[in-house]
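Data first, discussion second: the structure below is written as structure tokens.
For reference, chains read A, B, C and D in written order, and residue numbers begin at 1 within each chain.
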Amino acid sequence: MTITAETIQTMILSSATELRSHHEELSVLDSATGDGDHGTTIARAMDAVVKAAQDKASEPIGEMLHACGWEIMCSDGGSTGPLYGSLYMGMGKATKGKTELTGEDFAAMFEEGMATLRKQTKAEPGDKTLIDALVPGVETLRASIDAGKSIPEAMADSAAAAAAGAAKTCDYQAKFGRARNLGERSIGPVDAGATSMSYLFAGFAAAL
Amino acid sequence: MTITAETIQTMILSSATELRSHHEELSVLDSATGDGDHGTTIARAMDAVVKAAQDKASEPIGEMLHACGWEIMCSDGGSTGPLYGSLYMGMGKATKGKTELTGEDFAAMFEEGMATLRKQTKAEPGDKTLIDALVPGVETLRASIDAGKSIPEAMADSAAAAAAGAAKTCDYQAKFGRARNLGERSIGPVDAGATSMSYLFAGFAAAL
Amino acid sequence: MAMKKFMNDPADLTPELLEGYVAAYPSKVKLVNGKLVCRAEEKSADKVALVTLGGAGHEPALSGFVGEGMLDISVVGDIFAAPGPPNVYQALKMAAEKHVGVLFIILNHAGDVMSANMAMDMLENDGLADKVKIINTHEDIAPGVDTPIEDRRGLVGCVGVYKVAGAAAEAGKSLDEVFAVADKFNNQMATLAVALKTATHPSTGGAIFELAADEMEIGMGQHGEAGTGRSAMLSADKTAEVMATQLIKAVGATEGDSVLVMINGAGATTLMEMFIVFRGIKTYLDTLGIKIGASCVGEYLTVQEMGGFQMFIAKLDDELQAAWDAPADTAYMTVR
Amino acid sequence: MAMKKFMNDPADLTPELLEGYVAAYPSKVKLVNGKLVCRAEEKSADKVALVTLGGAGHEPALSGFVGEGMLDISVVGDIFAAPGPPNVYQALKMAAEKHVGVLFIILNHAGDVMSANMAMDMLENDGLADKVKIINTHEDIAPGVDTPIEDRRGLVGCVGVYKVAGAAAEAGKSLDEVFAVADKFNNQMATLAVALKTATHPSTGGAIFELAADEMEIGMGQHGEAGTGRSAMLSADKTAEVMATQLIKAVGATEGDSVLVMINGAGATTLMEMFIVFRGIKTYLDTLGIKIGASCVGEYLTVQEMGGFQMFIAKLDDELQAAWDAPADTAYMTVR
């Protein structure tokens, strides 16, 4: 079983809808330890994503994803812009010229997205950032694909792992981003960026 | 019956105490239609008065009153400074060199104080200013003295008339000072300056 | 609720703020006799001096504009309270004894006017009053432009008067000439204030007025003295248009005219907001064909942490434009 | 509660404020491509250009310091959000193609640093990266002076860097020389912020932090990111001393040294209060025998209508003193 560019577009639009519907919650989360604008920034980034995905509807998967990433970069998105932007750009790089993806392609796409994003930051799992949702999300996706599950099944596992990863951030002390100066006072609330990352994965899964 | 410089000093100190004890109320009244500082300003002016009255304790009445007026002027008292300052300076002018006052002297002293104050402003009775307490206060004093009452009796009548005058300012529309731009919205609260003027008279009366 | 301000004993606010100000700008200003803010280096005697007076609590006004090209002496009172006549007299005397003439600029507020009048009476006794000419500013149009001028407050327009008159004085003009340029400017300027949020009086800790959560007030004075224009909150563009319309009418500017526009923040209103408002004014004046010959946006005369701003418009001609653009070197207005 | 700010559609805040800003100061700045604030008249090609980047909502920072003697280009993001890499790249490319060299000044905040790094990667592909030298400011001492510099935020100190590096660039110094003066200043400056009252994020209408009625917080960041120094309200003098003590220690100033002191208002804190605080610092430094070689008090980098201020201290030598005193002509910092 493979999935097409059209399905990828549906996944992109679905995750944009999911994220936009949570923008107020994300800003509230960000205000606990940051500057209270993560939802606003994500909403602006998702406007850019939707536009790019629609403009590039007839292009290969990689080109569409690259355009999404570039438009996020252009949306002046604080920390979110370079991080989310490079996730999409990395996913695009892995799928350049492709019009459909196998399970292996699909997992590799997320892996390259994660790798590109991680070039932008030294944050590791446990540092209370979006890495805490991204890493389990991508690793679980790879494991489920390798275990022979279908793409929709693997993506559902992945979304569940991302959500669990985000939820755990409440126990962590922030080491990156605006929250790091809070020290121990950053323990308690969940991280805004990890939460939005988990919604991104949930949106992808919901479309399959 | 006459009164001495010592009694005048007692009157001055008594009115300073009376006014200072009401400074918070006076600021609250001023905030309804002005800038909320009349009590602060009056308290600062009364600090100056007390100092002057003590410094000049051994001087004639007029010199003591003049010093009080001058020190009020020096206290940077907004509208209050020139108005209260000239009231005291006018009272001082009328009693220059005197060490005791007859009833006639006493009434004339207040008349000259009022006249000097009124040179500073075009406000008339009914304009919602301290004039609304001062004019009935001084006119009643004169009438009671002319009717043969003693100085303490006349001063008590005067204080009652000043208080009544101040109370009536709630019905007036402000024509002077910071409140004038309020137009009809200035009707309702009593005027801060009229109220302080009535406390001044009350303080004088209480000392006799 | 406790007042949240950085201060020591409230009774010392004014002396302490003045000491801090002159300590921060020692090359520009010095303090004489505790309450007179004077230039660090005096202007030469053959030039007209500019003297003004007013309460504290409106920083940087008025003393922030003492320096080359603007004021010579600012007589400071106490918080929101005019200085007493003796200090005003002293400043006028110093200036009149030293300089060829003195332009004395008074904002129309009851306490300031009374103090100024008494100080002038004292100066008369010294035979120095003839060396002084008075400009009374009263450019607030909130009560309506037909209101007698003694009922119209002086707001931020004084800063413009200091600037244009200061340029004339610095250029060595005579007292009559300096007066003439100030008077011309004074007669073709107008201000309207709008308030959104109250401020705390720093001496008392009390709020200086009340406004509901969704209300604004056009015409508010600079001490929380209410105006007559309470309304629901308007957008920045709408606020700009409503206020500019009245100001343009008041100064009588029409197509082809050039104006000076100043947006003066009351305290808590951000430059961000003021820029957005300025954009609204520019759009509106463009539709009228009125040119913005000069403009500035910032905090010139504040009302503690009040939310709101004053919009100031003056008609410019070549003489006023040149005077506005002339060099100045004060702590809070510098022109190269 | 409704947000009480003058604005139109919150989504348009940044473009509108930038349009308003350049409309108010057309002789100083112009807007290129919507988000780059550039000098109205470009500096000559043989001089080093200064480029910086940062979010909006902190007006006048950063774009208020574009002009003669300070910045050449400020790349603006959105409210409290760094600009995206493409715009930063465009600005660097413009500057590097035209000028002999570019000093690129980055405040240490995650978004700004990531954007700057990606922009530099892009510039590398063009072979232009060699013409650029980077200064990363990280002078916040709230987390402690031993904290690794990547964990220390860039606060108002950037303004000082713009000033001293701008003076060197204007004087025609080489990129290495401009970098050297900026680097020296950058390594001997320190800032500490204190917050009293929260601000409203203008895009969301939400408060950016919470503080109890009698609490203050030393070490608060410039977006409401909390620090570690919550305490009961202190007097102005005590606040000044507590903060200055840490700053003086951080910059290592001792008797006989000369320092620059800057008090930067967060938004709602009045100049009155800042002058009183400055007086406290002066008194304290006098006891240590440390000279204030230069100082300024005002709003340079604000956080909307937040109550509080940043106290900035840098050690000065003759070179830095001269660079600080050199002429500048920007909308929000002018030196004659």
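To be clear about the criterion, a contact is a pair of C-beta atoms (placed from the backbone, for glycine too) under 8 Å apart; a residue touches a chain by one contact, two chains touch by 3 or more.
Because the structure is a prediction, the values reported are computed rather than measured.
Chains that count as touching both chain A and chain D, per the definition above, do not exist in this structure. Chain centres here are Cα means. That of chain A falls 75 Å from that of chain B. Computed centre separation for the pair chain B/chain C is 32 angstrom, with centres defined by C-alpha atoms.
Between the Cα centres of chain C and chain D there is a gap of 29 Å.
Taking each chain's centre as the mean of its C-alpha atoms, chain A lies 54 Å from chain C. Judged by the touch criterion defined above, the protein chains link up one after another in an open path, with no loop closing it.
Per the contact rule defined earlier, chains pair up in contact as A-D, B-C, C-D.
Against chain C, in their complex, chain B makes its touches with residues 24, 27-28, 31, 33-37, 39-41, 44, 70, 72-83, 85-86, 120-121, 176-183, 185.
The touching residues of chain D, counted against chain A in their complex, run 14, 35, 55, 76-87, 109-111, 114-115, 117-118, 140, 142-143, 151, 153, 201, 203-204, 206-209, 219, 221, 223-228. Of all the residues in chain C, the ones that touch chain D in their complex are 1-2, 4-8, 13, 16-21, 23-25, 56-57, 59-60, 64, 196-197, 202, 213-214, 216, 233, 235-237, 239, 261, 263, 267-280, 282, 292, 295-299, 302, 304-305, 307, 309, 327, 329, 332, 334-336.
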